[in-house]
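Got a structure for you, written out below as structure tokens; questions coming shortly.
Letters A, B, C and D mark the chains as written, and numbering starts fresh at 1 in each.
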Amino acid sequence: MTDLQPLYEAILEGDAATAKATVQEALIESIDPQELLDKFMIPAMDEVGRRFETNEYFVPELLISARAMKGALELIRPKLADKGAKPIAKVVIGTVKGDLHDIGKNLVAAMLEGGGFEVIDLKVDVSPEQFVQTAKEQGAQIIAMSALLTTTMPGMKATVDAVNNAGLHDKVKIMIGGAPVTQRYADEIGADGFSENASAAVRLARQLVGAE
Amino acid sequence: MTDLQPLYEAILEGDAATAKATVQEALIESIDPQELLDKFMIPAMDEVGRRFETNEYFVPELLISARAMKGALELIRPKLADKGAKPIAKVVIGTVKGDLHDIGKNLVAAMLEGGGFEVIDLKVDVSPEQFVQTAKEQGAQIIAMSALLTTTMPGMKATVDAVNNAGLHDKVKIMIGGAPVTQRYADEIGADGFSENASAAVRLARQLVGAE
Amino acid sequence: MAIGLAITNLDEFTYGKSPKPIKCGRGVEIGNGRVIPEINFTLPPIDINPETWPEVLRQYSEMITGICERAVALGSSGILVEVETLPPMTVNPSWGVEVSRLVADKLDYYYEKRQLHSAFRLTPNDTREHQRPPRMRSGMYWDGMKEFFERSGEAGADLISIESTGGKEINDIALMDADVHALVFALGIIAPRDMEFLWREIVDSCKRNNVIPAGDSACGFANTAMVLAEQRMLPRVFAALVRIASVPRSLVAFEQGAVGPSKDCAYEGPYIKAITGSPISMEGRTAACAHFSSVGNISQAVCDCWSNESVQNVRLLSGYAPTVSMEQLEYDCRLLNVASQTPEDGRKMRDWLVASDSSHDPQAYVLRPDVVMRISKTMIEEDTPYLRVRAGLRCGLAEIRSAISANQLTLPVTEMKWMDRLYRQIDSLPNDETEFIEMMLPKLADAPWIPSEYGF
Amino acid sequence: MAIGLAITNLDEFTYGKSPKPIKCGRGVEIGNGRVIPEINFTLPPIDINPETWPEVLRQYSEMITGICERAVALGSSGILVEVETLPPMTVNPSWGVEVSRLVADKLDYYYEKRQLHSAFRLTPNDTREHQRPPRMRSGMYWDGMKEFFERSGEAGADLISIESTGGKEINDIALMDADVHALVFALGIIAPRDMEFLWREIVDSCKRNNVIPAGDSACGFANTAMVLAEQRMLPRVFAALVRIASVPRSLVAFEQGAVGPSKDCAYEGPYIKAITGSPISMEGRTAACAHFSSVGNISQAVCDCWSNESVQNVRLLSGYAPTVSMEQLEYDCRLLNVASQTPEDGRKMRDWLVASDSSHDPQAYVLRPDVVMRISKTMIEEDTPYLRVRAGLRCGLAEIRSAISANQLTLPVTEMKWMDRLYRQIDSLPNDETEFIEMMLPKLADAPWIPSEYGF
């Protein structure tokens, strides 16, 4: 039987080729894909997350592991029983109107994907209307907005208002972030959550959809 | 006839004794008190104000001149036709609940008095109720509040609310000040005016009662 | 009573080093060679009441966490953290204790997990003047203060300070009128009496609780004058004299058993250090967030801790303001400590700090280490606070006068006439304290104070 | 093309002095012996639209008045004021011109009435990336920028800068993956092409308007990496290499005619100064309000202007934050200028600034004046930006490596493995630029950029 420890290691090290090869071999040997996921792949990503939070890993390592995970996942997803494979929730994310700072937003998006969410990335300079329309069309449970400029922060309030006016706020939670944003500001404009950084953003998203 | 230039000089120099003596002599010689006021005393205080604003005079000089003015004024007031002697308006002033910083408030009070207002000084640590009650009882046109602590600033809002609740805001204008206070804060809580310093406070008060 | 200065050699009067260093808290040494940052912080606009209390605690937690994280990231060798309570926390000491405990616990955490050395200075307010005229030795305010001192151990304090206000009722009047006689009565007669009473209590309480009595600040006296001078409300030369006049008062805390570091906002610190040898905390350009001043660099010349005075927890572009202050203080201390690796170089740095400010303003000039030593010496040759204040004022004004003649100090033209006015007032102070008191009591009969609270 | 360094003697590489000083504005001299403050400021949270416009103007007026008043009160010998516009003000240049004019008029007023010397740096944004992928040489954004440059005289500018972003599309990818090849493509190939295009336009426009072309900042490249490293998202050693890699790009502005002072946030400034001899503006601990960094002191070592980067107009306990920054900068400059009254002493101060930071972080280490000179030299021995970047990276990594061996620099253990990774990537850069381009183009086929905008 294939030794599966290398799958764990490969994801941890961000070695996509080895990760995929190991998964393929295991599938040929008819090993339960659910077991691959639960015993090796998810624990590997958990360890990646831990290392990132304790500053042993940097973003490039995080991203490369996430890519290895994604590659391996694509191979087993068709074989998995439906239950395990469904994303926790759909998130529509973007930077607000006028704001082009997207590094933070990209990290949050990557971490959300790694954390099991389906992410619809509207990229930068997103108007309130675009947020609302996409959330509606895609049946998203979360709208996530990022702003780095104090002059674009009001775009967050505009979006919250648009969500309220569209009668959508009972279906969609709104989370916000970015360097100048604070919990106080979130409260003030009626957003449902704020977090300081990308890891906390995943925890927050889980809380908002009641997954934690 | 008495040379009246010394009256001007005495007020400018804060020499209360000379100021009073000159006024007394002039009154004996039946010089028109209104002329004393308009030609010598008020111009002297105007010059004091100018020197203070241009940093030639400091507070002690301002206060001592104001005292000389007051002494001289007490002598001529009974002889003046009513019209010239009425104060511009009544101001109730104090520091807000919990705040003991009163130097700024004292300066504002002194400048308002020098500027022709009647000032009712409630001193420090004044509750919203006290402001409202005194303003009502005395028929004041202005409530002036000072706060130096960020933790006591909310007392200003409480007082504005109390004035509104008492249905008094159509009769009384509210002005606020103190180092942490801003125009923005004044707007936020519904105060009618804010000023940075004591000289500007007098101009503001005049504006608020339409005297300028 | 001190007979000589603790520091007699100008070469040994420098930053980071004091004759009586202190060990405290979690591995912190003060005055033993290195300057350390003293970081202060306070709430943004918020009402303090039972409803907002959880938010108050959250803010303190946010502030101290940000500070510790930054100190660790910059590899700080140790920090002094001050919490100066806000009045409701002293009136209700349980609140004050809760906030302090929260901060102390965080410091413990960062010491254990991240090896951050730290000490914690707790500064309860002097709330006695919440009553006007103030009652100094009884009543609910004084009871609250006493309770707070007694619970300082429970609160996790390593050091206790206060910015006491006894005598300020008269000092306020003196400032408004630039009246030297009232000033001397406030700072030479009644303030020292209150300091003696108050600091005996504090030192006793500290002994029982194993906390270090650190020192007092003449903030309500001399910094009020400084701020007013900065706003061009008072002549700078008068503010400089108020600073000197505040020294004998602040010294009383040390005579009663305080050991330093004196309070950051006690700009009279250099005098205290010269006289007692205790380490001092100072603030200057890094405290511009709290008040502007004309002593931004010179205030650093002989400091042992270097502080930001106080900053509100507002969001700046990089992060919260207290974290920003932490970074600035740490870099400033790094620079001082690198420069003082040899005594000659340390003195060079000190002298640059001095030279960069001392000619611009008499308030800066009277912080020159040599001037401090000369004025301190004439003061401690006298035996009572009154005579010390008188001697200090005489000497101080003479120093300023000769500095102006020697072109070592420029004074705005508007202040020139004040030199003579102040001289005449100082010159007319009698030799005899009793005579002075008898002269002043009737003049102050209408003032908002209670003479019996000062033993009259 | 430069063949030798403008500064060849380490002793002459110091703060306040540069081989090519500049006179500008209202009696200001830069790089001629004294460091002067460069003060920056921006709006607090506010939407910019026709309705809020009066409030925007009020805020700028409040900020610049507070700054000038404080500079006068402290007796400043001269200040440099920067207005970095916000995007709506560049997209709509009339707004930008109005704000700038307001500031310039205030500076005129304070020059005439209060003898405050000042110069005004105007920094329009690079708004071209408002379109994604960005169009660099046409379209409404580029038109707005060109109009703004052309109206810089009308706006009252004495100097023009920009923080241009050509090539950032690829640099962003490089940062996320810590990918040296993508980094070199961004900073060695496409960014310099855009700089050449852009700065030719700016310099031409400056000539027509009698404004000084000052310089560009690799802020969007290297400061992004710095901020990410400070947040522990990227290895510090990688961020240090990004800084070095940004030098050839920023140099292009000077090759096109810029004369300095380079932008405050261009921490690559020391390289620019060594190579071109132009004065530079720098920022460090005083810019903690804008971003935390590990170069708080060393960044000051060879500066000619000293800046706070940017602070919002928020109220602190003493006054507004821009006024607070003004005070801090002025005191810092006073100290530097007192210390440099003799060349030996100035170098002593410089060396302390350097020593206090350089061993803590590779980003600080590569700002050591001697290291800067060595790396700069290897870079300018090459003829093209690509080869310069490659040479700089090689030399930089070798410097860092030997500093670690010599215990002159400590690196967190978590970064040690990165040394080899980065070495391998740098080592595999081909000699031939065309070969490198051909290698990279297919890899970047899906990236969000338009190759033809860079002449491909």
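One rule holds for everything that comes next: a contact is a pair of C-beta atoms (placed from the backbone, for glycine too) under 8 Å apart; a residue touches a chain by one contact, two chains touch by 3 or more.
What you see is a predicted model, and the numbers here were worked out from it, not measured in a lab.
Chemist: If I average the CA coordinates per chain, which chain comes out farthest from subunit D?
Modeler: Farthest chain from subunit D, going by C-alpha centroids: B.
Chemist: Any idea how many Å lie between the Cα centroids of subunit A and subunit C?
Modeler: Here the centre of subunit C sits 51 Å away from the centre of subunit A.
Chemist: I'd like the Å distance between the centres of subunit B and subunit C, where a centre is the mean of that chain's Cα atoms.
Modeler: Here subunit B and subunit C have centroids separated by 34 Å.
Chemist: Where the centres are mean C-alpha positions, what is the separation of subunit A from subunit B, in Å?
Modeler: 62
Chemist: What parts of subunit A, by residue number, touch at least two of the other chains?
Modeler: 150, 180
Chemist: On subunit C, where are the residues touching two or more other chains?
Modeler: In subunit C, residues 42, 312, 315, 317-319 touch at least two other chains, as defined above.
Chemist: Which category does the touching pattern between chains fall into here: line, ring, star, complete, or other?
Modeler: Shape = other; not a path, cycle, star or full graph.
Chemist: Among all the chains shown, which pairs meet the touch rule set out at the top?
Modeler: So, checking each combination of chains, I get A-C, A-D, B-C, B-D, C-D as the touching pairs.
Chemist: Residues of subunit D touching subunit C in their complex?
Modeler: 42, 70, 73-75, 230, 284-286, 288-292, 294, 296-297, 310-312, 314-319, 321, 323-324, 327-328, 330-332, 334-335, 337-339, 345, 348-349, 352-353, 355-357, 360
Chemist: Spell out the residues on subunit D that touch subunit A in their complex, using ranges where they run on.
Modeler: Touch residues, subunit D against subunit A: 42-48, 86-88, 129-130, 132, 172, 175-179, 224, 228, 231-235, 312, 414.
Chemist: Which of the residues in subunit D come into contact with subunit B in the complex?
Modeler: So the residues of subunit D in touch with subunit B come to 315, 317-319.
Chemist: Please output the residues of subunit A touching subunit C within their complex, sorted ascending.
Modeler: 150, 179-180, 182
Chemist: Quick one: which bits of subunit A touch subunit D in the complex? Just the residue numbers, please.
Modeler: Contacts found on subunit A: 55-56, 58-60, 63-64, 98, 100, 102-103, 106-107, 123-125, 149-151, 153-154, 180, 185, 197.
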